[in-house]
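Two complexes follow with chain A in common, the first pairing it with chain B and the second with chain C.
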Partner chain A sequence: MKVISSIEITPEIIGNLSEYYRRNIGDYPKFFKMDGLCKTGFIASEILLQSLPADIKSDIAIVLFNRSGSLVTDRKYQQTITSEENYFPSPAIFVYTLANIVTGEIAIRHKIMGESSFYIMSENDTGLQNDIAMECYLTSNPSMVLTGWVEYENDEDFYAHLRLLSK
Partner chain B sequence: MINIIGHNIISPLGLTSEENYQSVIRGRSALHLYDDKFGLHEAFCGSLINRGFIYEKASESGIDDDYSLFEKLAILSASGAIKDSGINPSDPNTIFILSTTKGNVDLLEENMHDERCYLHTSALRIADYFGNKANPIVVSNACISGVCAQIEGVRQLLSGLYSTAIIIGCDILSKFIISGFQSFKALSTKPCKPYDKDRTGLNLGEAAGTIILRKENSPASDWHYVASSIHNDANHISGPSRTGEGAFRVLQDIVRQIDKSELAFLNAHGTATAYNDEMESIAIGRADLSDIPLSGLKGYYGHTLGAAGIIETILSIMAIDEGIIIATRGYDKSGTSGKLYLSNQTRHTDKRSFIKILSGFGGSNAGICYEKGGRR
Partner chain C sequence: METLIETLKNQIIDVLNLEDLKPEDIDAEAPLFGEGLGLDSIDALELIVLMEREYGIKLSNPAEGKEIFKSVASVADYVSKNRKK
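Up next is the complex of A and B:
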């Protein structure tokens, strides 16, 4: 296994997600529709993928992990249906109550048509993530694997550690 | 060889794979109209498990009330498959893999910070029930989770890390899930009509299914894994690609690795939404599979989310064992631009392999092919 590149982002390293986006990316307004988990994964993946050629990107496998799934958005959605007087289920929130949407957002941004998978684990174990990610090569042949941990609690508490791996 | 050595389905149609299969081939559907359920503001058509019956079965099996409904279903299904296979689930070479989209999300209604809403916590509780100490893997890939979990099981066995994988797919319905799909205007109030001209949308259902895979050196005498694939459409987070790119790539990858002349049928997703069924018809045409019999099972159970890939795989296996292709319940008149070889009647087959495909939110698509060994 080769680690081609890796990136860690936290509020201390990059500051506010939206401000980072405005300063350094700026050409993808869909960013503002995303939930916090997707924004975190999007920014981290952007740093690793922006300089790669399109033909390599189209065959990347995206294999991401976290502990809380989409629970932050699940709670937000739950609040829209709890009270009878204030019942307003929103499709724009509901669609982000699936953790794997972050893999889809990254795939759409970079036209990645390889595998996309999301796994939930209790602990951020880099070795285990790399093992599961590299297992892609047992049944398929991606150009590289984008893997790692992506977690978002709020704008002051998010963390992604993503890596680009190859055989 | 990666062999299937046991399975189970728990749904409103039965507590074993056999009970489910017998109901399905007799044309029985679990779909009903629910008018006043979960405090929802609109009616929906779906299939719900009788909670009281499951609590009773769990209690008879000694599964205590500390376990949630979701966990009880998963444990009951895994227990059924373990009994079917005769394996020891606490063996250190055995791993649990859980496929679910939302797990215990219904518990948020009572407590926004219930620890059991963390899916891996729930998976640990399930594995622990069986005395299994390996770290379970949770696959949460929206609607394609059930096929992805099987692929993860295959990879764990191919990598040599484990010799047996117990793969459980389970989801239950709640106000959370139904209201969300209703907000998308995706749900039908009638039993769904997969691929039909007059299809009116999706039904959701509840089920738990378990498949046990084992790596064995002996030549496959029975059901074994042949090929699999996962691809993203890179098109839209809540709608499939109009060209069916991801599903097409999945089918193309699998067809390259198999003997197409042995393909009995393709068991497709067939959610009866306008976009999904149309997309599948295009992908199937592009993969040159329009002449292969197609079968869709949503008319019996609705879409059972994280369980769908597991239970639809099990029913496909049982159908080939009996030499049949299950009728696509609800289908009547062709309603897709791509040609599909469908029937709402049972058909016969003497072939021995099938492909199961799924597509879902996040632009994801997955497929897996199994083949029956030995001689007919």
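Up next is the complex of A and C:
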């Protein structure tokens, strides 16, 4: 297994997610519709993938991990359905109540057709993540695997450590 | 009607997270879907929720929605004639 490149992002490293997007990306308005988990994964993957040619990107597999799934957005959605008098379920929030949406957002952005999956694990174990990610090569032959940890609690507390791996 | 159009523009920016837009960027007569603001099907559902939450308007006929959500101006026109709050 080879680590082609890797990136870590935290509020201390990149500052505010939306401000980072405006300063450095700025051509994908759908970013603002994403929940925090997707924004975190989107920014980290953008840094890793932006310089790769399209034909390489199309075959990448995406295998991501975190501890809390989409819990932050689940709670936000719950707030829209808790009160009987103010019962207005939000479709825009509901669509992000699955953690694996972040893999889909990255795939749509970069036209990635490879397989994708999202795992919940209790600890950020880089070795185990790499082992699971490399299992993609047992069933398909991706050009690379984008893997790593993506966690979002709020705009002052997020973390992503993504890596591009190959055989 | 101008005030309602301005209010709707702000509400649409807020509920649809159009953070890169200001009210003055939105042409009241421009199409909301496809070209124009380029909204999608989830945005359409969110607009239906907005109509009910803010104006007490329940939209039950999907065909009706196509005309109502043609532009901010058409939404304002429908709201002014049908609002319950």
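What to note about this one:
Here, the second predicted complex is superposed on the first by the 167 of 167 C-alpha atoms of A that agree within 3 Å, B and C clash if a C-alpha of one lies under 4 Å from a C-alpha of the other, contacts with A are read in each partner's own complex, and residues count from 1 in each chain.
One rule holds in what follows: a contact is a pair of C-beta atoms (placed from the backbone, for glycine too) under 8 Å apart; a residue touches a chain by one contact, two chains touch by 3 or more.
This structure is a prediction, so every number in the text was calculated from the model and none was measured.
With both complexes brought onto chain A, simultaneous placement of chain B and chain C is permitted, the two fitting side by side without a clash. Legend: residue contacts after superposition of the two complexes on their common chain; A:Ser18 is shown touching chain C, with no touch to chain B. Seen from the Cα centre of chain A, chain B and chain C lie 90° apart once the structures are superposed, a value rounded to the nearest 10.
By the document's definition of touching, both partners, chain B and chain C, reach A:Ser90.
Of the two partner chains, chain C is the only one touched by A:Phe32; chain B is not.
By the touch criterion defined above, A:Ser68 reaches chain B but does not reach chain C.
More chain A residues lie in contact with B than with the other chain of the pair chain B and chain C.
Taking every C-alpha atom of chain B against every C-alpha atom of chain C, the smallest gap after superposition is 7 Å.
Comparing the two complexes, residues 89-91, 95 of chain A contact chain B in one case and chain C in the other. Put simply, chain B touches chain A in their complex at residues 39, 41, 101-102, 105, 108-109, 112, 117-121, 123-124, 135, 137-142, 148, 151-152, 154-156, 158-159, 161, 175-176, 179-184, 227-238, 245-246, 249, 253, 361-364. Touching chain A in their complex are the following residues of chain C: 15-20, 38, 42-43, 45-46, 49, 52-53. In the complex of the two chains, the chain A residues touching chain C come out as 18, 22, 29, 32-33, 86, 88-92, 95. By the touch criterion given at the top, residues 62, 67-69, 71, 74-75, 77-78, 81-82, 84, 87, 89-91, 94-95, 97-101, 103-105, 107-108, 110-122, 128, 131-132, 135-136, 138-140 of chain A touch chain B in their complex.
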